[in-house]
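Two complexes are shown next, each including chain A; its partner changes from chain B in the first to chain C in the second.
Entry: the complex of A and B
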């Protein structure tokens, strides 16, 4: 009997894992990718006649905790209505018992691919600011992402920046999601309001290199500063791959502060981090990098050079006219 | 501060300063008060015209060109009105043009643009 080779096995596995969409309004078109928690497929929504993305757990991961995490991911995303967070359209259970949810189909590039053609540092920083927006929004609604990295940021065809893959997201104690955040406590139907299923105290989930030390160690309660560390790592990635030469010291200082090993030394919130980057873009001082008086004066002169040159031209003209007239 | 007001204030300040520089010319020092008043009025007129232009047209290049033109035209008028055979066109129009350029730049870069109205 002939044995199956690896590629044949992979194709077989793919065919088995393909979602059985019988009885749903969706028709399978293609597989888009595979993550740690499941696979994403391009499907056609036959009712609304549009293509959407469908995320479903793999058959081999059909454990309750993975299914619960997928459901939580869908619930978290559905309530975080923000232009920088991909909208969820629908959720349900397939005929084979696997839970799924559908979301907007984003056509674009991952941040890693997108910035390859983006050499101008200010353009990269503006992209970074747009990554900060949805993360700050999620924090304000009591949600940590916990897996922020360039691969989880998509830039759409029209330049829209979307933070993806909220599968490791975590609801903070007392956090509430939705527009009625003040009145509504965290959803008690979610498996654990302090941590995602399977991410109990001591477990480690995330991506090395983008994960804060406290998240990597698996100890202690995480707070928004864990995501701030990851944002700092993304900023470092954006600066490190920029082709515009040396990174300004103020920007390096922002990275260092965001990625401080001790979380008390980091920015206390994402808006604070974003404000520092925005200040840098505007030629203003940043909190992470105290400047000398000379450096401050030089920056002021640089910012107002046209204005100063015009005034100087006027004074010099006047002085020359007075000089020549008095001779 | 809105753009016409910024132009007015800046034109006034630069006009006063421009007029005071006449003190360095002994021949006209005795008429310094008239010169300062005339120069201030010229600055105020230039400032409000350039400020209104900045309110209507949002373009740094056009703002500078308009400011330069207004500064030169008004300075030409002042020079032409000078009594006597010497009109000092160059001495009056050159700084006048620079003052207009400064106001044109400032009103485009700074000052509050009108808010869009909603219905």
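Entry: the complex of A and C
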């Protein structure tokens, strides 16, 4: 029997799992990453002479439900045309029988890596608002993401914020994607559960720590408030890793409301959550944090301190002038 | 024996990879000695090196006792029909075999084993020298758990078998160059230092054929690996999980 050292074994393992691109317009360049459902490769589109990302299910996961899930992911992304969601270019089946789709190749950093160099809290909150945009757009079109977490948010080289990995997304019944949406309710043949990084097939999908209690329990019908919980957890992550020390109580209250155990206590929509964060940034009251009269006055003073200082300077100057003239 | 699984979807609807014609689990439970012998042959070819290395390193046995224990293990596996007790819903075959090895080593009675060994079972000579050579290349004092070590050595053994089979099949088809290209790029890593033109000149083929031949060899290799694995797993779920382990994909 042929003896194989560790590096030869690793190369052969990679060769076996690599997508068979025979008969396609793509040429394999490098593996970019691997998740629970599939792997993503950088490939060259030889027809258009550009590099794109190709996602394909793992070789060992040739099961119909996983293949269906990948196709659904491609269809969901293709229909959600939004600057915060990576566009899909193409989909099909490889010579080795595995389904795949290609999408725009984005170079950048995951949110986790990006915010390491971003200490200013207001900058982090603006990033958060840009995460909310595509999620709100998806909800408006009847799609739940169901696996929102920092690792699934990418910040591109030009500062674009992209919500990635819609592999666990769910089309809500009656969702309105595209003009024919009403004719395309959720496919009942698709499993409600599938694999995710850190989970096995048939177990609860999603990522612990960012998953709402109702999603973690695996029971009940999920609605947009499950994603709102995850967004609250992302906001908490952004605030918790900021280097600016104490988190303002209003922001803590926004997190607590978004991550309420009982979903009726959460924000009813992503725009409501985003509006509260935007209000905080503008120094306005937030719905999640009822203020005392003193706190309202202090916030008003803080927000208008420039004008107040000018007014104070004017009053002091006038007083001094009156004082010296009167002598 | 035909146990082609209807629900196997690896290879997709086109069935690029018609998976297995034979399973060691079924064969080992057969009433026919020939079937059982065949099952043993398949099992030994895939597992003897992992078992030997595991006994040598994990149980810290010298090479001669390890050789005896390795052969005893496979003899007992069939004579005592240990595979009849294997329940795929409880463990992978690989894990079950490792636990059986542990039991054998702990409870061994060398004299009795030597008497029993070689009864109705026909052993092909095992190349223990090559296994010893591979042991020298293994990193010392790794942090692998026994199961991780056994899994990695099982993967090494299975891929080694698949390489041998690929070479033979491609040579039989008159495609020896295809295999040599895979050998150059994926086994010896020599291809990275050469341009396609240099590789083409070396093998007397067109530069455009280099990638095509290599892709063909890799495709055939993938098919063989999956077939070999299918033969030594009990069901679709175990096959899927073992394929993920073999391909370096870890499940939680």
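Keep in mind that, in the parts below, the second predicted complex is superposed on the first by the 291 of 327 C-alpha atoms of A that agree within 3 Å, B and C clash if a C-alpha of one lies under 4 Å from a C-alpha of the other, contacts with A are read in each partner's own complex, and residues count from 1 in each chain.
Assume a residue touches a chain if its C-beta (ideal position, glycine included) is under 8 Å from a C-beta of that chain, and two chains touch if they have at least 3 such contacts.
Source: prediction; values computed, not measured.
Visitor: If you stack the two complexes on chain A, which partner ends up touching A:307: first (chain B), second (chain C), both, or neither?
Guide: first
Visitor: Which of the two partners, first being chain B and second being chain C, lies in contact with A:261: first, second, both, or neither?
Guide: A:261 sits against neither chain B nor chain C.
Visitor: Output check: A:120 vs chain B and chain C. Expected answer is one of first, second, both, neither. What do you get?
Guide: neither
Visitor: Is chain A touched at more residues by chain B or by chain C?
Guide: Touched residues of chain A are more numerous for C.
Visitor: Using the touch definition from the top, say if A:321 reaches chain B (first), chain C (second), both or neither.
Guide: first
Visitor: Mind sorting out which residues of chain A both chain B and chain C touch, each in its own complex?
Guide: In chain A, nothing is touched by chain B and also by chain C.
Visitor: Along chain A, where are the residues that touch chain B in the complex?
Guide: Interface residues on chain A, with respect to chain B: 306-307, 310-311, 313-314, 317-318, 321-322, 325-326.
Visitor: Within their complex, state which residues of chain B touch chain A.
Guide: Touching chain A: residues 14, 18, 21, 24-26, 91, 94-95, 98-99, 101-102, 105-106, 109 of chain B.
Visitor: Per the contact definition, I'd like the list of chain C residues that touch chain A in the complex.
Guide: These residues of chain C touch chain A: 8-17, 45, 49, 127, 130, 133-134, 137, 152, 155-157, 159-161, 163-164, 167, 182, 185-189, 215, 218-219, 221-222, 225-226, 239-241, 243-244, 246-249, 251-252.
Visitor: Of all residues in chain A, which touch chain C in the complex?
Guide: 1-18, 20-22, 34, 58-64, 67, 93, 95-99, 198-200
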